[in-house]
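Shared chain: chain A. Partners: chain B in the first complex, chain C in the second.
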Partner chain A sequence: MQNVNLKMSATTYHKTVVYGLVSLLAIPVIATLVYSLAQRWGATITPDGFTFDWYLQLWQDPRFLAAFGRSLLLCFISLAVSCALIIPTIFVVFYYFPRLDSWMNLLILLPFAVPPVVSSVGLLQLYADGPIPIVGTPWVLIGTYFTIALPFMYRALANSLQGINLRDLMDAAHLLGASTPRAFVSIVLPNIRKGLLASLFLSFSFLLGEFVFANILVGTRFETLQVYLYNMRQTSGHFTSALVMSYFFFTLFLTWLATRFSR
Partner chain B sequence: MSELISTASSIKKPSNGATVSTVQEAPRVKPHYKHWRPALLLLPFCVVFFFFQLAPMIWVFVNSFIYDESWSVEHYHEIFESDFLLQSFGNSMSIAMWSSVVGLAIATIGVASLRRVDCKIRDWVVAFTNMASNFSGVPLAFAFVIILGFNGAITLLLKQWGWIDDFNLYSKTGLTFIYIYFQIPLAMLLLYPAFDALRDDWEEAAALLGANKWRYWLHIALPVLSPALLGTLIILIANAMGAYASAYALTTGNYNLVTIRIASLVSGDLFLEPNLAAALSVLLMIILGFVTAINQWLLKRSYHAKR
Partner chain C sequence: MNYVEVSNLSKCFGQNTVFEGINLTIKQGEFVTLLGPSGCGKSTLLRCIAGLNDVDNGNIIVKGEDITHAAPQTRGIGMVFQSYALFPNMTVWDNIAFGLKMQKVSAADLKQQVGKVIELVELNGREQYYPHQLSGGQRQRVALARALVVKPRILLLDEPLSALDARIRKHLREQIRTIQKEMNLTTIFVTHDQEEALTMSDRIFLMNKGEIVQSGTAEEIYTQPASEFVASFMGNYNLLGAKQVHDIFGMSINGKLAIRPESIYVREAGRQYGEHISAPVLANVVSHQLLGNVIRYQVVLSQDETQQPNVVPTPSIIVDMLNRSSERLFEQGTKLELMFNKNEMQEVA
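After this line comes the complex of A and B, so read on.
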């Protein structure tokens, strides 16, 4: 009997801790949600009334729509470029030069280890003028976003490739008369599709939240969602909250897609 | 331009070099000979990676030693002479340390309990943590203004209850709170798999031998988990030292942190000194390297290495 009681209290304790932690993490999100729906929430603990006006105002603001469109376009192009660069590379590494994999694992640590602020110091000086003047244009962001997406995509693809028996599959395809490119397209690609899509959705939500490179390297010359959000800080807090929540639900949707595809 | 061409050719070198050597060895290792064409496929990747990851790092390192177009350690000298710049390092390190340790402690307690609740709740919480880890940077700073700003809901609530007189979110304490908030989900995601190392029967065995919960955690669970805990701590510290967006959005660059100093020296309104920013960056990287080295040393002395 005592044992049962002990077990019950342990379960209650663990549940309390987990729910407590979840509520702690949820407070800022919920507060922003309430604030974005509140008519007025001045120097009181609870808001005065609720309205959808802030969302309507936001979704009718041409500057917001333009910034959102730019962010989406930028993320799409960056990820397309990343795919074009990373997929052939990882295939060549795994099929022809398996020993390079450990080197690649070291290389992909660099975007993690070097803070974006540090990279942007060099990028600003190298590409502000001179032969490749791309600072202030989306091009420099596409390059840096490739380095941000690289670790995620490489790890996800490496895991997928380790999961299939690449050498045997390719040998079988060759025996059946397929050329290496053909075998790659019709055998390898379908096999790594799941991991690739999951990593793409994750990278997409990550890139959509990128602020440091976008603000330092480009700023208002190609205003992305995060830079727009920052520049709107002087306007109504309700408006920015509606903006934050719209962004949040969009990334939520992307993460949901990612988990669906990784199953 | 010539510099670019030389860098481009230096990237090509490894693959070219490899093909040359395989050509020479061709009679012996025949299969390797045909690999030069696939190796060419690596080239675009290497070029882009070089231009956007390696070249900026090299520029930062080299230019931190250039003062008035000649080699010198003047910038480093300037940093160590300047109380203001040293303060930025002190602030960054103390916020990074506090937020990492507190965040890690909360996450450890959380994950330990998370492993003991039903499967359904667990999956849901992991998904939620994933989501929370995405809530960072500028949006997070704005959310914190709403709850903990001068007129924030929680500030007012605590004031009404008489728990606090005033709370300044735009101070070191305020920033540490924000940092702790974004460290917790990251720490939980990193630690969660590591708890697989703990086996349920250990706790029962310890209990049979007369150990209570505290002794089990102190003498068994924490030592077994120590490599994971230390590794996570390093990632958290590095993450906090390099963080920029939340602090910048919250204080519009008025709080003295290393990353904010670096950014203002290259993109601020006045006093652009990219080479001084480069020197600050190198010192920041050295600190991160030093922390990692200490971590590796501790890891070697930990429980798992001894076995």
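After this line comes the complex of A and C, so read on.
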């Protein structure tokens, strides 16, 4: 009986901690949500009334829609480039040079090791002029976003590949008459699909929220969603709250998709 | 005419020589085993024959054609891996059909051939299962079917049974041997299990440290070990040094003397056979199977020719004898006299 009581109090304690923490973290999100729906919320404790006007205003603003479109475009191109480069690379590493994996693990830490502010200064100097003057164009962001997506995608794909017996599967396919590209397409790709999709969604939501590189390297010359949000900071707080919430729900949806696919 | 001819084959990984100067020949339809402790190079040799590893020196000739440097896709070799290597994203049916699809076999032929081989390995009803839904033994049968369906010139089996439990291993062992005989398939089997090698093989190549130390039939390898290694690897031989041999037997030898435990006669002093031993019954040897230290004979009891022909079918009886094959290995048709110990007969319901 005492044991059961102990167990009960233990779960109650755990639940209190978890729910308490979640509520605490949810406060700013809920406050922003309420603020984005409020008509006016100044000197009173509760808002004067509720309205969807801020959202309507936001979603009818051509500048917002353009920025959103640019962000989506940037993310899509960056991830397409990442897929095209990382998938063959990781296959080569795992199939032909397994020893390189430890080097790759070091390499993918680099984007984390150097703070974005520091590396963006370096990138500015490198690409402002010289042979490839691409600062201020979306191209420099695509290149940078590739390095940001690399760790996510590499780790997820490496885990998928470690989960299958790559060498034996390739050997079996070869002996059954398949060429290496054919074996890659019909056997390796389907087996890393889940990891690939999950990492793509994760990288996507991460890149969509990227601000530092976008602002320093390109700024208003190719205004992305985050830069737009930053430039709108002087306008009504209700309006920016609606913007933040729109972005939040979009990312939430993507994260939900990611967890669904990784199961 | 040899079907497979491997001559002077060598392979190293960097400084490390895996094997050197390997020679072996295999006849068509023969079941040979590469037997040896782990790390002796047997699996690498098999992979070289499959074309999955390149060789540094020597030749591999199949049916008169030099395939030493041919791509694995073109060798016409089927292989079953210890890890099964089934494609996890494909069903049983798609796994087995993969090789035929690569050969661009027509849909109707494909359906017929895959269906046939699924029947052969007794996987009917499991066609739409995925590998992770199957037991180990079933997975290995899928792997076998996948290798067989393309009608390979040689079948390579790389320790296909070592990941399975004993009962399934025994069953699959017989199944593989039956199918191999039925299809007259030239087969190279790799194992470290001497019992497996003895029961399955037409011929055994025993390897150690990258060399073939002895080759021959199961009986030859088991009863006439050429070296101390073979003797200790193949059975529970008693190994006596020259000094001991001299002291016990008064013989002088150079190496060591290997004596199999079952070849030693034991007789209890003064013992006589009594009432409980039956009168001799005549029998004919049908076949024998080597189980290592035991030889298992299948015999039929024969009728006394003076009697009326009996309507009851002649009973077939299994007789185990300790393996003393150097002095008596009863070939098919040998006439024997059986005596039954009545105390060992158990009446059952």
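We adopt the following convention: the second predicted complex is superposed on the first by the 254 of 263 C-alpha atoms of A that agree within 3 Å, B and C clash if a C-alpha of one lies under 4 Å from a C-alpha of the other, contacts with A are read in each partner's own complex, and residues count from 1 in each chain.
Assume a contact is a pair of C-beta atoms (placed from the backbone, for glycine too) under 8 Å apart; a residue touches a chain by one contact, two chains touch by 3 or more.
Treat the numbers as computed from the prediction; the structure is a model and nothing was measured.
In the superposition on chain A, A:171 makes contact with chain C only, while chain B stays out of contact range. Once chain A of one complex is fitted onto chain A of the other, the partner contacts of A:72 are absent, as it touches neither chain B nor chain C. After overlaying the two complexes on the shared chain, residue contacts for A:83 are found with neither chain B nor chain C.
In the superposed model, A:197 makes contact with neither chain B nor chain C. Of the two partner chains, neither chain B nor chain C is touched by A:257.
When the two complexes are overlaid on their common chain A, residue A:17 makes contact with chain B while staying clear of chain C. If you count the residues of chain A touched by chain B and by chain C, you find the higher number for B. When the two structures are aligned on the shared chain, A:187 is found in touch with chain C, with no touch to chain B.
Across the two superposed structures, the residue set of chain A contacted by chain B and also by chain C is empty.
Those residues of chain C that touch chain A in the shared complex are 47, 50-52, 71-73, 75, 77-79, 81, 83, 85-89, 98-99, 102-103, 146-147, 150.
Note for the complex: chain A touches chain B at residues 10-11, 13-15, 17-18, 21-22, 24-29, 31-32, 35, 41-46, 81, 84-86, 88-89, 91-93, 95-97, 107, 110-126, 131-132, 143-144, 146-147, 150, 205-206, 209, 211-212, 215-216, 219, 226, 229-230, 233, 237, 240-241, 244, 247-248, 251-252, 255, 259. For chain B in complex with chain A, the touching residues are 1, 4, 35, 38-39, 41-42, 44-45, 48-49, 51-60, 63, 106, 109-110, 113-114, 116-117, 121, 125, 127-132, 134-140, 142-147, 151, 153-154, 156-157, 160, 181, 184-185, 238, 241-245, 248-249, 252, 259, 262-263, 266-267, 274, 277-278, 281, 284-285, 288.
Residues of chain A touching chain C in their complex: 164-165, 168-169, 171-179, 182, 186-187, 190-191.
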